[in-house]
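What follows is a pair of complexes built around chain A, which joins chain B in one and chain C in the other.
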Partner chain A sequence: MGYGYRGKILVVDLTKLNWYQKELPLETLRKFIGGRGLGSALLPEFVAKNTDPLGPDNALLFLTGPVTGTLVPGGAKYVAVTKSPVSGGFCDSYSSGRLAFEIKSAGYDGIAVLGKASKPVVLSVDGGRVDFLPAAGLWGKCTFDTEGELKAKYGEDVGIACIGPAGERLVMFASINSDFFRQAARGGVGAVMGSKNLKALMVRGYSGVKCYDSEALMDKVKEYRHALDKSEHALKRMKYGTPLTMNITNALGMLPTRNFQDGVFPEAEGQIDGDGFIKDVVKHRGCIGCLIACSKIARVDTGEFAGDMVEGPEYETMALLGSNLGISDRAAVIRANILCDKLGMDTISAGNVIGFAMECYEKGILVKGDCSNLELGFGNTGSMLQLLEHIAFRTGIGDILAEGVRNAANRIGKGAIRFANHIKGLEFPAYEPRAGYGIALAYAVSPRGACHRRAWPPKVESLGKIPPDTTEGKAKIVKTMYDENTVLHSALVCDFPSKMAPLNIGDIVSFLNAVTGMDFTEAEMLKAADRIETMIRMFNTREGLGRKDDDLPYRTYNEGIKSGPQKGMHLTKDALDRMLDEYYMLRGWDREGRPTRETLQFLGISR
Partner chain B sequence: MKITVVRAGILEEYLPQNFTFEYYSMPFLSNLIDFLEKERGPGLRCKILTGSQLKSDVTVLINGRSIRTFDTGLDTPINDGDVIVFAVAVDGG
Partner chain C sequence: MQHIHVDNSLCTGCQACQLVCSMKEFGEFNLRRSSIRVRMEGMFPGDVNVCRQCAHAPCVGVCPAGALRVDEQRVSLDRTKCTGCGLCAEECPFEAIYIDPFDGLALKCDLCGGEFSCVKYCQKNAIKITKD
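The block that comes next holds the complex of A and B.
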């Protein structure tokens, strides 16, 4: 394989402690692009029907895209693909980091990890060499110490993905961490890594990625750079990072507040929103090759948490560990962010399960004696921080919450399920779905569960021309956004730089062609997106997921937003059903959401 | 009439994050923008408008609803107690 792609993945079996290289035919790469798409093609090959996600037969894939390791802006990402222990379906979870570049430099488009090591190991890939290093000395250590010790011993130039105590204990929202502060966090990928006794993956490569037409690539990068300079959105993201989003969601009445009971949190203003956040920013940081540097280093200078520093918090963290818990103390959110990073947990799901526990406590379903003696009312920062440790180490009430909000609600009973905000078991991201029917649909149909990254309808239904409280046209909007993002997530171009200039599918095709020389077309890309979504749907259908799972939780249907501009808004089951019918039709799936024979034939998918 | 103005990611050099004021008459959004240009400094208008059109990466919300959904643009009426948000049009977060 000449340009962009390596044309093979490394397959490692931790049970047998052996490995081999699997060739990727050009036709497969052309049909599935890479990243998410490649995962949709490979996961069903590696994982048999009804495999236990936390058993040795599950696979954990670390995949790159064709542009990884090149100058394409935002091309420093990898995706972890597996069968999710949360949803029981397809899971793709993304992170930036040196690991992505090193996998490519080592000569692979990805690494597939199969089996389960008998004892904790670090999987080391050093160019063509593969080693299984004992990890007994690292097991039990936090992600910061794990990555720090590995880098001290093997060099700063290795790419690392590792888990912390939460992953070791199979916390359902355990993350895989890279470059200390970057996480592939959603869907339980860290728990899958822990189930394999894989403490860390460490990769070093030696050969750069060749591009087909470097001059064309540079011209395109320069064009993009000029477009960025003119983009208000880009300039403001460079200044405020993602927390700027809170100013908008609070104004729109869709900011998760007190476990998604409300959509506005006035106390956020100037505290945990963009305006508050920049008071703590001491440095800007970008991923390798990024021209935006949306990531910020924040430092706490005074008070109980003085001296704390973190890369973040991002909007999702500020919202779920802030407003969603009734907390406006920025320093406490920063401390919570550090704890989640260190212990290896998803801040989104962590904020959800704690918000759920706080609501159960305030409504008398949980009492102090159930909660490791913690006062769990909304706004209690001390209890929030202690609860994070209880969850990661599975002590006290933390053991129940570590199972995720759906399982925890089922175990607690007493009607607690009414306060569990999830889809397919995956907790809500930081956009209130009652405040925009497009968001609700995007969450409902997401294969991995409630997800904000497959589509972001507020762009058109709250900030644009389309009213948020209607169903008309929402299926088309969501499908179009899904398809565009599927191309991005398969080429593995970061959402952020690509949405700020912005880059359209034609731009992505130009980048891909300059890198690979494969003469992709826009039509081919969009067909590939349809194919990938359908492949993922087939995987989920095979595992027993279907229309019944493309559903919304109790609160979304039965309670109106408490206050703010969207006061009283909620969704009916009938409204969701209408949008689902239309979405399935646009995808070429039947009324139950199963891909039809004609669709499979058209997309060139064999059963 | 009482009006609350909020800025979100834009106009930092002109406006506090959130302020409420009373004025005898402010019938349309265009009147509010004229008022702010006069009271809060020249140049504010150019930050949000190209001619008489809203810039593509700027959004104005009236009581949480984008004015783009009204099709009345700068002629959108303002009422007593309204909250007007001037925001950068983000995409994701």
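The block that comes next holds the complex of A and C.
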């Protein structure tokens, strides 16, 4: 296996402090590609049924794909795969950075971490060496200091994934951070890392990635480079980054506002949207090998937070820690972004739990005395910033909110569950699902909980010609989008480059074949996507998840969007049921959403 | 003499130049086998460091193996003569000569014999060819 793939993963047991290499048969790679797909094949092998996600028997996998470490557009990603403490099901959370390259350079397609260290450790992989370094001096430190100190000691050229105080305290939305500002943040992967007493994973490798047909690959990259220059969409994204999305979602009435009560936030204009954001942008930033560089470095020049600098905020952060909290003060959002990064927390879920707490406060379910004496009304930037610290350190009300919106609502009671916006426990990303039935379905069927990266139906619903408020054809649209992204997330490439130029599945297949020398076909890839989604469904079925969990929360069914172009829109249970029936049928799953025997046989999955 | 000039304000830190360089020279993607490097400044990308092709290159004078020489176009390195002593890297005032972790020999930009591969793949046109 000389090209692209390394054909093995490193398996490290933190309880026994030993390690071994596990070969990956070519057949497995062919069937599951890499990234998400490889995770779907490996997680059930490593994690037995009913394993406690935060116990020593859970596994945390850091996986790459066949094109990782090359110049294939968006190829600097890794995925953290584990059993989620949030949903109790399969979790795949993506990030980018040096770590992805270094895993490959060290000679592996991935690293699986098992067991639990008796004391905090840094797991160091340096070429063929594996060391368990004591991390007592780093435990308690923020992610910036952790990464900074490790790099000062071991060199700038190491790939690092680390957790902050939130991960150490098993905050349910703790992130795993790399390159200071990139996070695998969804689904509680940072809490799983914390539960293993693993402060950081540090990897360095020396062997380069050779490609089967480098010439074809480099030509295709050059072609892509020129296509980018001609794409208006790409040029806009290069200029504004993801915050440009807020101009769109606000105009379409699907911008999360005041804990998803409303879909428009007029105060956002020129403040926290693309036009506002660009005023603070001082530099463009790209992941390794990425020609788009959608990431931006922003700096605050005046006011209370003058001097703050961050790679970000991304759209999701601007929305969830901005409009969703009734906040349009960009500098405060930037400060909140920095706090989340340092403490090691997902900005999406953090924005949800704070929005939830603010609504509970405004509606009298929580009073000042319950909330560490904070005034929690919407728009209160000081309280938002303090709450983030309370959550990460689990002090006061923060200890309850650290459990995520579903658990927090259940603990608070008094009908608070009506304000908890989540699927399978995972909080909503920044697209209002009531504004399009396709989004609602994409959220509902997502195996890790509410997710915006598996399908983006607004492309055809709100921005295209398909009516957003009908069920017809939505299952097919969502499945097609899911499958395409599953190919990308298994290859493993960022989904941005392919949305910009664009690159279709055929292009991705050409890249894959140029790198690996294999002869993947488009049809084979799409069948692999079906196989991977079904494998993940099998894992979730095994863990007791099913149709009952492919459901939407209270607000999505029972309250219309308050104002804006989508005013009054909401879903009905009946509408979701129709779409679910159709989605399951297209996937070859039964009415309860369980893969049928025929489907497993067709996809070549053995039980 | 031609050399590479980098406008660091345009650099996104993507390191595509590094990947292209190792591919051109060694036929593999390897951030550690590149003659051009993005350096970090704390948590953010700092500058791109590459050989300036000095007319009076101090590295040439210290090479005991005669592997480095200044010709009309560039300061060139003959890797077949290089012994990997590292004196050139120590002498370079710009720290723009690296040691290849694979074979221990010097790594230095020779403008890929006039091909300027990194220039061709820099999306932001931060890397340019200039003439003295």
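Couple of notes before you dig in:
Simple rule for what comes next: the second predicted complex is superposed on the first by the 607 of 607 C-alpha atoms of A that agree within 3 Å, B and C clash if a C-alpha of one lies under 4 Å from a C-alpha of the other, contacts with A are read in each partner's own complex, and residues count from 1 in each chain.
Note that in this section a contact is a pair of C-beta atoms (placed from the backbone, for glycine too) under 8 Å apart; a residue touches a chain by one contact, two chains touch by 3 or more.
For clarity, every value in this text was computed on a predicted model and none was experimentally measured.
In the model built by aligning both structures on chain A, chain B fits alongside chain C without clashing.
Contacts of A:I248 after superposition on the shared chain: chain B is touched, whereas chain C is not. Touch criterion not met for A:E598: it reaches neither chain B nor chain C.
With both structures placed on the common chain, the touch criterion links A:S231 to chain B but leaves chain C unconnected. For the superposed model, the angle subtended at the Cα centre of chain A by chain B and chain C works out to 90 degrees in steps of 10. After overlaying the two complexes on the shared chain, residue contacts for A:E27 are found with neither chain B nor chain C.
Applying the stated contact rule after C-alpha superposition, one finds that A:I297 touches chain C and leaves chain B untouched. By the touch criterion defined above, A:G69 reaches chain C but does not reach chain B. Note on the superposed arrangement: chain B and chain C approach each other to a least C-alpha distance of 20 Å.
Looking at chain A, you'll find no residue that touches chain B in one structure and chain C in the other. Those residues of chain B that touch chain A in the shared complex are 6, 8-10, 17-18, 55, 57-59, 61, 63-66, 68-69, 71, 83, 85, 87-93.
Within the complex, the chain C residues that touch chain A are 9, 12-16, 19-20, 22-23, 26-33, 39-40, 42-45, 101-102, 120-121, 123-124. Across the complex, chain C is touched by residues 69-71, 101, 105, 144, 148, 156-157, 180-181, 206-211, 214, 218, 221-222, 225, 228, 283-293, 295, 297, 309, 311 of chain A. Residues 231-233, 236-237, 240, 242, 244-249, 251-253, 269-270, 274-275, 314-316, 430, 452-453, 456, 459, 462-467, 495-496, 499-500, 502, 564-566 of chain A are the ones touching chain B in the complex.
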